[in-house]
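The structures come next, written out as structure tokens.
You will see subunit A twice below: alongside subunit B first, and alongside subunit C after that.
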Partner chain A sequence: MIWQFLIRRLFLLLFVFFALTCFAFSLGHLFPGDPLTNFSGISQPSDELLPALVQQYQLEQGYLQQYFAFLSRILQGDWGLSLSSQQPIITELTQVFPATLELVAYALLISFVVGVPLGLIAAIKAQHWSGRFISGVAMVGYSVPIFWWALLMIMLFSITLGWLPTSGRISVLFEIPASTGFMLPDIMLSKQPYWQAAMIDALRHLLLPALVLATFPTTVMIRFTRDAMLGVWQQSYIKTARAKGLSRSQVLYRHGLRNAMMPVLRQLGLQFSTLVTLAMITELIFSWPGIGLWLLDSINQRNYPAIQGGLLVISTLVIMVNILMDILHTLLNPLARKQFNG
Partner chain B sequence: MQFDHDKGKPVKKKSQRSISTAVQLAAMILLSACQPDMPAEVRSGLVYCLEGSPESLNPQLVTSGTTIDATSRQLFDRLVDIDPEDGRFIPALATHWEIRSDGLSYTFFLRPDVQFHHTDYFEPSRPLNSTDVRFSFERVMNSEHPFHAVSGGEYPYFQTVEWHQRVARITTPTPDQVVFYLRQRDSSFLSNVATDFAVVHSAEYADQLLKQQQPQRIDSHPIGTGPFKFREYRKDVFLRYYRHAEYWGQASSLEQLVFDIEPNNAKRMAKLLTHECDITAYPRIAELELISKRDDVKVQEQTSMNVGFWAFNTQKPPFDQAKVRRALSMAINRDAILQAVYYNHAHTAHSLLPPTSWGFNPAVMSVPYDPTAARELLAEAGYPFGFSMDIWAMPVQRLYNPNATRMAEMIQADLAQIGVRVSIVTLEWNAFRRQLRQGEHDSVLLGWNADNTDPDNFFRPLLSCSGIDSGTNRAHWCDPAFDAILAQALLTDDQSIRRHYYWAAQHYLSEHIPLFPIAHSKRFQALNHQISGVSINPYGGISLADARKEP
Partner chain C sequence: MVKFHWLHSKAEHGPLYQLWSVFRQQHAAVLGLILFCFFALTALLGPLITPYDPYLQNPDALLVPPSWDEQGQVRFLLGTDDLGRDVLSRLIKGASYTFGIAIITVLGAMILGLLLGVLAGMSKGFRASAFNHMLDLALTIPSLLLAIIIVAILGPGLINTIWAIMLALLPQFVHGIRNAIQQQLEQDYVIAYRLDGANQLQILRNVVLPNIWEQLTILFSMALSTAILDIAALGFLGLGAQSPAAEWGVMVADALDLIYLAPWSIALPGLLIFVAVLSVNLVSDGLRAAIRKRQES
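Coming up: the complex of A and B.
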């Protein structure tokens, strides 16, 4: 039944998580330098501290005990200190991770709002010049390297026209305390007298990176919506519905789109890892203080505890989203459910 | 069907409304760039794009220019300042000072009613007094002091000038007087007190931190008397200060000052062009011409207290002969180097001292560019057919030498004209410095950035016998006669007498040429045209206390 399916997925998740933590744990030993420093982020522990740390990290025991100690620390939220700032990794992650989620979420939102209707038009008017034009643009957008595209947008909208800022989430002059880590809710919660101006400023900062990051998922969305729709449009139930006397738009919304969106949703889950990679590049170019920029800085600074933590969080996110989309797809799609049950 | 029609209409209206709202919002977002209705806190704030993250917020602990720019003159004050116009000492926290006739004690009289910062982590109960000054300097010099070992116990500037060997003790006879007793006469003492490193902290705050058992917060959450007070620091992102309203001088017109941390040169420049930064540090020299054409940007320049030079290893033949060193120097076309390496953003160096130093000798003879004479001189010294030599080019980029490899290549070409064959050596920076110290080089392209205004800070590290041991004398030049001139110059406080000794020192160098000064480079910053009251201080870090932003 459906529970069986969920339990299987849960097992898969556990297994992947196990492999992932094994990898992250072994990095602590594989990175150059002292494993104690790589795990704890304390570069020169004092003589009083050293025995306690060795005890806590079980470094005198075998790898298995060390791994379990590592696992329990991860679950307790003790991810060590950042070598460069000496702040707890988990605190830094709660600052940077929401920024990435925010950027990715708005990019996905744009891609839905823009990509689905355009994909529909491209399918319905497949032979018309507008349909061909949309497909062509989607093809170009799909192939454009994102760093080049981002720089082009900055050149045009920021430097030449001076409309939009080039970097950050909000002008540094606005003082918005981080309570949720998500900028727009934080501005609401900050109760600053200038929250409206801050909101507009934050949106201006968001616009360019979100548009750049949305380019890839939007084109994916257009292409898959178009292909799925063209496939669905050939189905006999569409012909039946038309024959029943439903108008073209009624058929489109009631029978076409819902069935066409199923494979699109699934594709989105599969493309998520690409999206995260692109988000990192976008963050780097727009100095967006998200997890990607943070991880790249950590790699530059040889900040091993941070690299470990960052990798763990990003790969967990990608796996979770994949499995979530898989479950969602199964739950929403009677056909997949049936296949599975059968 | 009726149902569908009824449903369809309002939906359409709604969507029209939402489209028009979206269009309005989009227009607002795009146009808000031009609207001046920003809140006061934001409108009167200044953003300075800094090239890196400060490693500490206490200038006593660092030597990096980035940290000094961000902290020293914004958060703190010194006992004495240096007038950027003429290099004289001017009152700061001390309104005046007295030097005992034997030069062994300096008494500073403190300014009354100097307020420390009020912040959400510390409320001062009293204005500045002599215990604060004593605390600040004793932390540095007394290894038993409860704060000495906090944050590592390293005070690089004070260790370089051997502060604990110069100053015997500090006393506080009254709350507004502080006395420094020196072990020997030291005319560079005031220069050291006026550097950006010699800042004054609050002793009351330190006591509070000791009670709270958080002494390390003194360096991360500083309390000073400067024109701005600390608010918030996010490493690699920004550093935020508020105005210190009770500042003893003219309180700043800026509500807040934010250092936006952006290590990437191109991005810092882009932020200046989009007005996200009001001031940007260290614009790339190659781009200066381009941006100075824009109406909304102005570029400032200032000759810094630095020198880029070519040092000969004077303990290795044939470089132990002054004639050879002079011949090699005469073969170098410095004008071409200035153009290709410094993009003409530097002065030709006639002496080791920059012309802005009070010790500069305008009469000193610069080495002329004359390859024919150089060839004759080389023949006279016994090398009519030239010889082979190494030039070591430093592998890092510094203000005083933006591209040592390029410079080495140009010198290589120049020397080929007089028959000297050059091979260029570059190593990783740490190995480079280690092998230089061991004297394995024939000659090296390096430079020096002065820490204070005293000419002694150029001559003693670079060319005295003691500089060989401490690894700053790359020419390995040890001349007792020259050292005697330097020692004489420190024995008096009379600047005009000292100047004569330094003139003599420069004259001596122009005869012996242990190193060949090439250029004094300029420091640049680019500003938004709305900013005024900011200039580059040749003697230290940036001060933004008088900065103003036109609406």
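Coming up: the complex of A and C.
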């Protein structure tokens, strides 16, 4: 039964990938300008190069052949050149993508560590002032526009207090060779004599963007943990557990939290896409050299091959995380399996 | 609380009155509603009540701080920006940009979503299944990212932003309306009506649509807060409304260079975006709670 489910998800993934590549391919024709330039990133191909390019991109054939040529190029890693820097897109992507993943991962971690306990308190003390206060703060955090929030934090912590830097991942004084692309492991691996100082500097750079980005997922976490917990608390198995003589905290952890985390896990998958969008804005404000900043720059420069590649990577990431969360949710939750089979 | 009424039972009032009587017991939601009406009125009457032309530049009064500051002037209540434009007038004008356009956009998305949602909800079999998969796919891409993609194709500008956000909000409307319709179709009264010989169109008009308006209002309010945030964010990113326009997100972006000199010019428009979104969210939460209580009673 579970295999059948996994195979269906795999088919969905394939279908989604097909739809995404179709979309990315059609962008090459939808964008203004010459499709050849949009695909290859070479704006003025020389006379010798032109026939070879037309042949490679199958531009004289129908759309179907062009699509297959596009697909094989994507799979081979030939994503064209960036119009602005004339570097291969795939190289640039491997440089900027880990930075975004790093930022998003820390923000998610913060939101999990802060949001779940606060949501629990808000649910248990729903009528108490502390529960109301937490729900109120969550409502405020849910409504705040991230770019304004980021600027307020910069005004407070960087300009007025002067505690934290405002831009970049690490001070330019430190030279850290990129081996994994993730800053903190890279510093560990670099084995430089100043690695401790570099680590502190990197953490100081990371703190503000990660906190700003964590605001939205934390409030989502609080709201959903609270709602799920309130729902679970009404179930008859909680009453049974209490009637058996289990203490309040035992019921809370063994019966309450485990069941309440299921919908929260599901929400995490659904909110991931919003998180990626917010990460793009955060990167712009903090000059964090991630894929969001790169993509927004590309949009401003009309760098079509880069836009195409960036969108493909971001949407693939979002959809992969969604499907993974869906599978995880089904594996962990027997009720979801039952619903699926029934 | 159950009260015993001899002559005046609550059920005698219409559902709208019942909803309002539950809604008004939530103080936060009522506050949100008042703020919402205030923003809606400002957006509607904006051009009539601005003290100055929002685009008028006063070269003799550049970067005047708000009037409560020692260097502030009473004639510019919230100060001026770096071109000497009155911030208060620009903020009022911005209500019709950010808030008003968001409402229009969401209304457009809702009408389109109602059409598609009805088609999806009333159909069965392979067509519905394929449609569901397409929707799930579209729902995974966040509205702002979708809007950025569409703007990247169409090019920056306010009109393109409206289309982009409308399209980006569409999947969640179709999804919500389809779910609501399918929930209705499972009800016993629909089966009874069907047994009476009603066709699909009659079921839709007489039973389903009157019963889903509550879900529609919730969907509307949720989409509205997304739309306000998206319009402001696109304006901030330079993809939406363009620079001289007094859109709140654009105003924050324009004031970025002045972050040291004039922090209020960043703080004020952002605060308005925040309060506008907060009011919509408060109303939305209150509505959801009120609808749940009304259906339970």
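Quick note on the criterion: the second predicted complex is superposed on the first by the 342 of 342 C-alpha atoms of A that agree within 3 Å, B and C clash if a C-alpha of one lies under 4 Å from a C-alpha of the other, contacts with A are read in each partner's own complex, and residues count from 1 in each chain.
Just so it is clear, contacts are C-beta pairs under 8 Å (C-beta built on N, C-alpha and C of every residue); 3 or more make two chains touch, one makes a residue touch a chain.
Worth saying up front: this structure is predicted, and the values here are computed from it rather than measured.
Looking at the shared chain after the overlay, A:277 reaches subunit C, while subunit B stays out of its contact range. With both complexes superposed, C is the one of subunit B and subunit C in contact with more subunit A residues. In the superposition on chain A, A:316 contacts neither subunit B nor subunit C. By the touch criterion stated above, A:21 is placed in contact with neither subunit B nor subunit C. Residue contacts after overlaying the shared chain place A:61 against neither subunit B nor subunit C. In the superposed pair of complexes, A:139 makes contact with subunit C only, with no contact to subunit B. After overlaying the two complexes on the shared chain, residue contacts for A:190 are found with neither subunit B nor subunit C. Looking at the shared chain after the overlay, A:94 reaches neither subunit B nor subunit C. Once the two complexes are overlaid on the shared chain, A:159 sits against subunit B and subunit C alike.
Looking at subunit A, you'll find residues 154, 159 touch subunit B in one structure and subunit C in the other. Against subunit C, in their complex, subunit A makes its touches with residues 12, 15-16, 19, 27, 30-32, 136, 139-140, 142-149, 151-152, 154-155, 159, 270, 273-274, 276-277, 280-281, 284, 295-296, 299-300, 307, 311, 314-315, 318-319, 322. By the touch rule above, subunit B contacts subunit A in their complex via residues 4, 25, 28-30, 32-33, 37-39, 41-42, 45, 47, 231-232, 234-238, 240, 256, 258, 260, 262, 267, 270-271, 273-276. On subunit C, the positions that touch subunit A within their shared complex are 28, 133, 137, 140-142, 144-145, 148-149, 151-153, 155, 225, 229, 232-233, 236-239, 249, 252, 256, 259-260, 263, 266-267, 269-271, 273-274, 277-278, 281-282, 285. Residue ranges on subunit A touching subunit B, taken from their complex, read 84-85, 87, 95, 154, 158-159, 162-168, 171-175, 193-194, 197, 200-201, 203-204, 207, 250, 287, 289, 297.
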